[in-house]
């Protein structure tokens, strides 16, 4: 049987233009990796947006990072300034991974 | 330490053409927001599909919404008519969020 | 109230070029379906990649499959040869689904 | 006569348009990883529809709108009703398909393939055969009636709750389909702009048109070929249907063309519209309105059997018949 | 004179460029599912900027760089400072918007819309009116000053912590904006390549240009129309602002053009730049630097009110004024 | 002679093709956010390959297939075997790279860069130098042998279990690579269509070709520039290798061209193919077959060092040598 190890998966919906700030925050918090997925539309308190727009303003992406529970708080703390200023949705879920040394 | 609040994340794989029906159902169930991610291919009981197709028929997207546990049942109930008629995969996961007032 | 059934959601980040090997492994492990989402950039032990590249080498995709807990181990076992050779990130989460017969 | 038809077919098969389609099919069958990015291919479709619509409008502006347009449009609508009825009858009587999938397939054959039409106009132009510019408007008009007929046929075989309500939403989606709007819009713009408009953007809509069509055909070939690779559900009977049904429809259209005394060029195009089967607008409508029907049947039949047949053999055959029996 | 202006407006409204924009708006208002894939539309923008920049550079290479260029560029920068100041004053005094959103909107009107400029050059060319090639460089130069002014205006109404620091990062993002770099770069390349360069790639940058612009305008129309459908935040007062502000800016630019004794063509383009409002570069900058301001206000105003107005009525009006008062 | 070479280099460096590449590099180095959407850029690649293949085929149809083609193709294959062997030897002897990464890099230099080839044909055309149309087929033929050689070299340094099996799957993926299929397919279609085909789609494959190449070069420049920004792994030794290896390969090719008495144009193209390094087909194959090797090394070396060198200085140099020693 494959042994699984508990980790945290943080999913961050954030505006494309703000992504560099999020990446910086993650790198500062020493996460070992992340992946970014495009989004095509969304709805929230500020109304609707769509990737059809000619400008990339308002377009969101989803960044996912799998990290150790120990790192979680550092990550959330370094994201705080971004969360205070820009549209961003952060959620954390429990996951299990196969290779404990990778994350 | 950042305090986290429990919420539900609902992920819905649904055909692009049927997406408006899903959005309507969610809005009816008073979710505060959602984001849609494109998909490029898939496999299921009905065989394979791929986004290369010239028509958007069969192309799927993934809609994600983070919502309160109280809303979950309303959401699932309003999705029922869509689930009965069209190809759609709905899954629910426990997540934690930072800003309790946002969702 | 809608009754929910526990399932496992496996998310796999893998290079586009290696995707066929993963699909084969999943089909061999008898998962009933999966969906693939594109990714636009990422960072990991091997540095950064971006989908802007002219070649698809290094580009990653995210494959998601919802499956029964019983199948999980078979899936992970059949993924092992792929995981030993190529860049791939596998995580498993607990989810709940509405239709128990579909997965 | 046989000689004449062989020359025609030969010339058509050796045209870059057909050859690039064949290249795409061959690449897909050989499982090459060649692909045309989807956003780029969709951009090309928009170009092709904008260009063909505009050119049709300019042509009509030159000759003025004639009564012919109305009669041919009416004939097109009649074909859009008759063809699905026949197709549905054939498919259910022969038990090739259950009534539901039969209705979905019928809707596809009653509607039209714009790319087949475009390939037809290119063939006619290269043969120096004149045709009426209003045929592009007829193409747009013929896109939707068959969808309504198909859904009506499907409903006849469904119980109450499963029936498709002809909701306002649904009719809206069907009637204001992107390709209908673009074809008709570009046609009207061409009509309003006339020759000066053509002078302004002819270098865009006309000069590179055939070449863009070749690039697009490469993609069509790749898609058709990939469908063939995975076509588990295509029985020999269905393939036969996909080859014979266009001939039946073309004969129907030819009869109408003779009755209306259309020119060989215009008559050929009416035959092509009748014979062609939709694979863009109708599948999208069916997924919404008739989700029980299987796209692995109706898209594959339309895209991987009937489209290649029309493109390679159908077009010259229809022109051959029209040029001998019309005008 | 009224007759002259009506003829001009009529000719402009009947041009394929305006008609395809109208088609897009109509399709969006009718909620058709017609869309131009985003990657394709962005590719077209890059083509348009590359082509217009290159052609401007080639034109300047022919005539040599004149002192005029420097004075018009300076005038452009002055406009880029004055216009946002005026717009901000109007919006806050009339209480149409809070100071923050007013600042964001002001930045948009002080900056420029490249597509409006391109449509203007196309109109002038079709009228056979000459203009100076360096205006494309002026376009690039006018993109950014208004952003700085807008952020400065916003800061004036923000408390310490909320203020936008003019960090190096931010200035970098604003100054090295993709469209500025591409316009200026292509302009320089055109300048260096001169006539031989034009001979080499004129068939790409010139021949299909107007047609590509039509296709792009279809997309612009779809986007503007969709914005109109969801425009909950546009009060009548704001719409009025979106129609009057371009006129005010155009009059300012006309006065400068008269003072500098510009030719009618070049003067028209300066008026167009002044009157047009950005909807690509500035929104992106605002989302980063002024996230509290609402894009549902500033993008909609710029794209769905001012752009259509300039395209349809503004362009001929500005040319009419310039041709009567300049040269 | 020095004068001659400087004139040549100057003319090449001032061509819009090279200048747009430089613009892209500059924009990336300045960290501008300018980007060409990936789907659009891939669409352009397909256009370029389709067009160059088709034109080559038409050219061969005019002159007939000669024995030359077979001998040059054979020479190409020999180069595709020799060059990786040499490159691997150099890289391992000098300890610039471990055997595995050396093998991966070697495969890239043994294969070819289609865009470099296209830029070479454009340079020759602008100089009025004739070359043989079959060289595009030689390009397609030279894409794959080096991959096999590279994997074979890698296996020599791997233990049993880690070795790449030359599975049917792998060979299939390598041989039926999209670019090989498209180049060869378009070449054959051009050959079959001949002059009438050219008359039909020349306005697409020929007229805008150079301009499309400019737009594509802008993207190449952006990609190369971004690679340079993040190139942590490029040691000075590796950069030197990336500049000298193309010269070595070109000399080898020149010797073969002299032995085969090729014309200056055709000889130049053989040198270009030898000197150029792949950055599309080979990286993809390496990721699958040799995942242990690092793309941050082989792609960066090929795209950000050797490609710019060949484009700017290599092409005129190779032509200079060929024109003096051949024909």
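Here are a few things to note about the model shown:
Letters A, B, C, D, E and F name the chains as they come in the text, with residue numbers starting at 1 for each one.
Criterion: a residue touches a chain if its C-beta (ideal position, glycine included) is under 8 Å from a C-beta of that chain, and two chains touch if they have at least 3 such contacts.
Given the structure is predicted, the values throughout are model-derived calculations rather than measurements.
Where touching is counted per the definition, the chains common to subunit A and subunit C are B.
Shared contact partners of subunit A and subunit E do not exist in this assembly. In whole angstrom, the spacing between the mean C-alpha positions of subunit D and subunit F is 41. Taking the mean of the C-alpha atoms as each chain's centre, subunit B and subunit C sit 18 Å apart. Spacing of subunit B relative to subunit D, judged by their CA centroids, is 35 angstrom. Multi-chain contact residues of subunit C, defined as those touching 2 or more other chains: 37-38, 93-94. Contact with two or more other chains is made by residues 35, 37-43, 207-208 of subunit F. Working note: touching chain pairs come out as A-B, A-C, A-E, B-C, B-D, C-F, D-E, D-F, E-F. Subunit C makes touch with subunit F in their complex at residues 15, 17-18, 46-48, 50-58, 85-87. By the touch criterion given at the top, residues 37-40, 42-43, 46-47, 50, 54, 172-173, 176-179, 181-182, 185-186, 188-189, 192-193, 197, 200-201, 203-205, 207-208 of subunit D touch subunit E in their complex. Contact residues on subunit A toward subunit B in their complex (touch as defined above): 11, 13, 37-45, 60, 62, 73, 76-77, 80, 83, 89-94. Residue ranges of subunit E in contact with subunit A, taken from their complex: 35, 38, 41-42, 45, 219-220, 222-223, 226, 230, 232, 279-281, 283-284, 286-288, 291, 294-296, 299, 303.
By the touch criterion given at the top, residues 14-16, 19-20, 23, 26-27, 30-41, 43, 126, 207-208, 210-212, 214-215, 218 of subunit D touch subunit F in their complex.
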